[in-house]
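Down below are the structures I want you to see.
Across the two complexes that follow, subunit A remains constant while its partner is subunit B and subsequently subunit C.
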Partner chain A sequence: MTVLAQQLVLGLLIGGLYGLAAAGLSLVFGVMKVLDVAHGELIMLGGYAAFFAVGLLGLDPFASLLVVIPLSLLLGVALYWGLFGFVVRADEETRVKNSLLIGFGLALTLHALAVLLWTADERSIVTPYGGAVLSVGTLSIPVIRLASLAIAFALIGGLHLLLVRWRWGKAVRATAEDWQAALLTGIDVRRAYLLAFAIGTALAGAAGTLVTIGYSVSPSIGLEWTLKALIVVVLAGLGSMLGTFVGGLLLGVAEAASAATFGGPYREVVGLVLFVVVLVIRPRGLFGR
Partner chain B sequence: MSVGAPPGGGRSGSALAGRFERRWAAAILVALGLLGLLPLAAPREDVVNFVFLILLSITLAQSWNIVAGYAGQVNLGHAAFFGLGALVARTLWTDGRPIVVAMIAGAAIATLFALLIGVAAFRLRGAYFAIGTLALGEILRSTVSNVLPEISTLPTQTIAAYRLTQRYYLALALAAVSVLVVAVLAGSRLGLGMRAIREDEEAAEASGVGALRLKLTALALSTGLAGLAGGLFAFYHISYYPSHPFGPHWTFDALLMTFIGGVGTLHGPVLGAVIYVVLKEYVALRWVDFHLLIFGAVFIAIVLLLPGGLVQAAERARRLITR
Partner chain C sequence: MLEIRDLEAAHGDIRVLSGVSLSVGPGEIVALLGPNGAGKSTLLNTVAGLLRPRRGTVTFQGEDLHQLHAHLIVERGVALVPEGRRLFGSMNVEDNLELGAFAARARATKAAGLERVYTLFPDLRERRRQLVRALSGGQQQMVAVGRALMSSPRLLMLDEPSLGIAPRLVRSIMDSLVEINRGGVAVFLVEQNVQAALGLAHRAYVLESGRVALQGSGDELLRDPHVRRAYLGPLAMHQ
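== the complex of A and B ==
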């Protein structure tokens, strides 16, 4: 029983990262109707940025977020101007399809680039407090992963406030609801797109940092994280950042429960099966409107 | 800017396009026929292996082209059917059945599986279909690598009897079959219906095209060919992990070759396959995976600027000259 409880707790902890990884994808897809399948590669780049920020600047791993997030914002702006800004000119159906293809090309390119620059080796960040464990009853909770969960929650909460309170956050939400109506009320829709994409990329960077701290980074983690993010987006549906976070936790727990029932190797399969089933039966997602 | 836009836009579907594609089919089949002389003229193993790879790639690209290029359904789980074909064919063949029987059985299983999941998957439109099939492919790959983690190696007496020319001629025949299938499809009512769905599914339904039935037909043809190609892979390689042919890179290769050459055309995927394999083999000699950087960038440029691929570029250049 304690073994199962321990696994579920670990599942919950990684679920927070799933939620954070999915939040950026959900924002971009919801607002721009652009499905960026290179999201996992953006997470991978964030992970490397954190790795080098810690290695070269000697920053504390969690403090590296302060470097990685602004860098990712800039990357998002550059990618929007260079690539995705062209895609949003097409009508909706073509837009989704073309963005998928462009995201795919981008994923391939970034992966190959990462292998060339940093080799295919796995890297992780070693911290003095890396082995610290919090004991609660019979459960032991790794401090780093608990801190990652808290940061992921704080970032999602912050984003939620931004979207609800900030003037431009409201503009972004209005664009997601109905871009034509938003345009008629005088909202600069293109700028809302740019904002959504930049924030989405920044969230990917933050997720990559936490992944590298708690686990490890290599050029090939992209596809895996894109799939996790897609699963969560489909599970949770579009429209609510907090719903996305809960969806992430749900996936983490479901994976842990299935690993305990069917054995470790099948944890990936269960998430994907859930994904296909929800996609076919309830395409709006569990919490979607 | 539709995904599967053919070169020259409005010409597709007309009688002219049929004749146009028949001429290309004849040219490609003649070229393949000439390649039949290769093992006699240049019995160097590396050359034969190289052309074998091109032929396998032509079959794979052409098979993906049917469902994505003609019917407009971007299937990102194509590797699942290549893998199923390989798995079934390898099992039956090493059990002592003739390879052709084993390959046909593999293709049949792949097609059957495709029809089974197709009914559910085609409830999804556009990008949702794409990510749904991507997940499906990964489910199969994960499961196969869990159930069959051991490497599959041919028994020693089979290795001793291994003859490359056999594999080569089988690959040649398969490539010819794939080109023929697409050529017949392109000139037929069936192909016309598929293109109608690709351009506008609602409009096609409204004018009496049974969209689901045609999409399933396209998927069956596409996955059947992919299953055959998988069987060829299983016949060619001496040892590999059973999950390897299920890897997503098989889908990605097919997608890149088709788009670079020209999606939704007969000769585009053939051109794409030749260029892709040539560049990949030569570049990989010096830098591993460097070709993916080049092809990724070229692919993005093609989607943004030249949705008809190299075929469209050639068409434009020809018109500039002849004007």
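== the complex of A and C ==
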């Protein structure tokens, strides 16, 4: 029983990162109707940025977020201007197809580039408080992962406030709902797209940082994170960032439960089963509009 | 004020407008009538910048609109209430209205604009915190008109504002257009409800198969045998 509870707690902790990883993908897909399958590679880049920020600048691992998030924002702007800004000129059906091609191309390129620059080795950040554990009854909770969960939640909450309160946040939501109506109210929807993509990339960077702190980074983690994020987006549905976060927690817990019940190899299967079940029973997702 | 010259527009390979010329003067209410598929919505969408014309020009107060992005056309003072209202359903009434004042020119007068809309449609003031999804069709249409007004337009274009709305509310929407027009805003109205449209329009055009088939004052067209037969139904012939 304790073993199961311990597994579930660990599942919940990684679920927060699933939620954060999915939030960026969900924002980009919801607003631009573009599926950025290179989202996992952006997470991977964020992880390396954090790794080097800690190694070269001597920053505290969590403080490296203050460097990685602005850098990721800039990367998002560059990618939008260089690649995805062309995709959104097409009509919506063509957009998804074109974005898949561009996304896979970008993913392969970034993966190869990362191997070339940093080798295929796994790297992680060693911190003085890395082994610290919080004991609650019989459960032991790794402090780093708990802090990561809190930060992920804070970032999602901040994003939620931004989308609900800020003028341009409302413009982004309006664009997601009906881009032509948004144009008719005087919103420059291209700028809303740029904003959504830049913020989505920044969230990927933040997720990558937390992944590298709590686990590790290597050039090949991208695909796995894209898949997790996709599953969460389908599970939670579009339109609510908090819903996406909860979706991530659910996936984390479900994975842990099935790993504890059926054994480790089944960890990945449960996500795909959930994916299919939600698509069949509730195609717009648990919290989708 | 609005001058459309020789406008040609197409959806893909299908030509919808073939050489339309018309104008709306300052302070006028102009109606655009015609059967389904005549190109009325296409015309409004082209003026609003959602669709690029193939040929021809659209000028507003001497400035070319047909090269501008849609959001800049709003900034110039041309607003469209689109067919089917197209509100942001997950937001409340006031958020929808405030988004209407997104353009820089309108943002300065946002508070006054809100007051103006709530005075025009008192129903909306009580429901300002309600999600627009929860409103009736007529109330939603009021939000749509209000949202367009929030950009403080000089020309207000409306695409079938009476569609799917209870007759009593059609009346109040049409009255509000007259009220808006009294405030100095030109109105360009596409309407299936010909009687209602001609009742308030100073002038009207009839669009058929992508061309202007007829034009005249509202009264002239109401008396025109072709208009009566085609748009007001056989019973109207004997009235």
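What we mean here is this: the second predicted complex is superposed on the first by the 287 of 289 C-alpha atoms of A that agree within 3 Å, B and C clash if a C-alpha of one lies under 4 Å from a C-alpha of the other, contacts with A are read in each partner's own complex, and residues count from 1 in each chain.
Basically, a residue touches a chain if its C-beta (ideal position, glycine included) is under 8 Å from a C-beta of that chain, and two chains touch if they have at least 3 such contacts.
Note that the structure is predicted; figures quoted are calculated from it, not measured.
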### Task
With the two complexes superposed on chain A, say which partner A:Phe275 touches: subunit B (first), subunit C (second), both, or neither.
first
### Message
Is A:Leu101 touching anything from subunit B or subunit C once the two structures are fitted on A? First, second, both or neither.
### Response
first
### Message
Taking the superposition on A as described, I'd like to know which of subunit B and subunit C A:Pro142 touches: first, second, both or neither.
### Response
neither
### Query
So, does A:Gly85 touch the first partner subunit B, the second partner subunit C, both, or neither?
neither
#### Entry: Of subunit C and subunit B, partner touching more subunit A residues
B
### Message
If we overlay the two complexes on their shared chain A, which of subunit B and subunit C does A:Glu93 touch? Say first, second, both or neither.
### Response
first
### Task
Considering only the touch criterion stated at the top, classify A:Gly130 as touching first (subunit B), second (subunit C), both, or neither.
neither
### Task
Could you tell me if A:Asp188 is touching subunit B, subunit C, both of them or neither one (first, second, both, neither)?
second
### Message
Let me test your reading of the model: by the given contact rule, A:Arg173 touches which partner, first (subunit B), second (subunit C), both or neither?
### Response
second
### Summary
Both subunit B and subunit C touch subunit A at residues none
## Note on the structure
Within the complex, subunit A is touched by subunit C residues 48-50, 69-71, 74-75, 79-80, 82, 86-91, 95, 98-100, 102-103, 106, 147-148, 150-151
## Note on the structure
Within their complex, subunit A touches subunit C through residues 167, 170-171, 173-174, 177-178, 180-189, 239, 289
### subunit B partner contacts - residues on subunit A that touch it in the complex
35, 37, 83, 86-87, 90, 93-94, 96-102, 104-109, 111-113, 115-116, 223, 227, 230-231, 234, 265-266, 268-269, 272-273, 275-276, 279-280, 283
### Query
Which of the residues in subunit B end up touching subunit A in this complex?
1-3, 74, 120-121, 123-124, 126-128, 130-132, 134-136, 138-139, 142-143, 145-146, 248, 252, 255-256, 259, 287-290, 292-293, 295-297, 299-300, 303-304
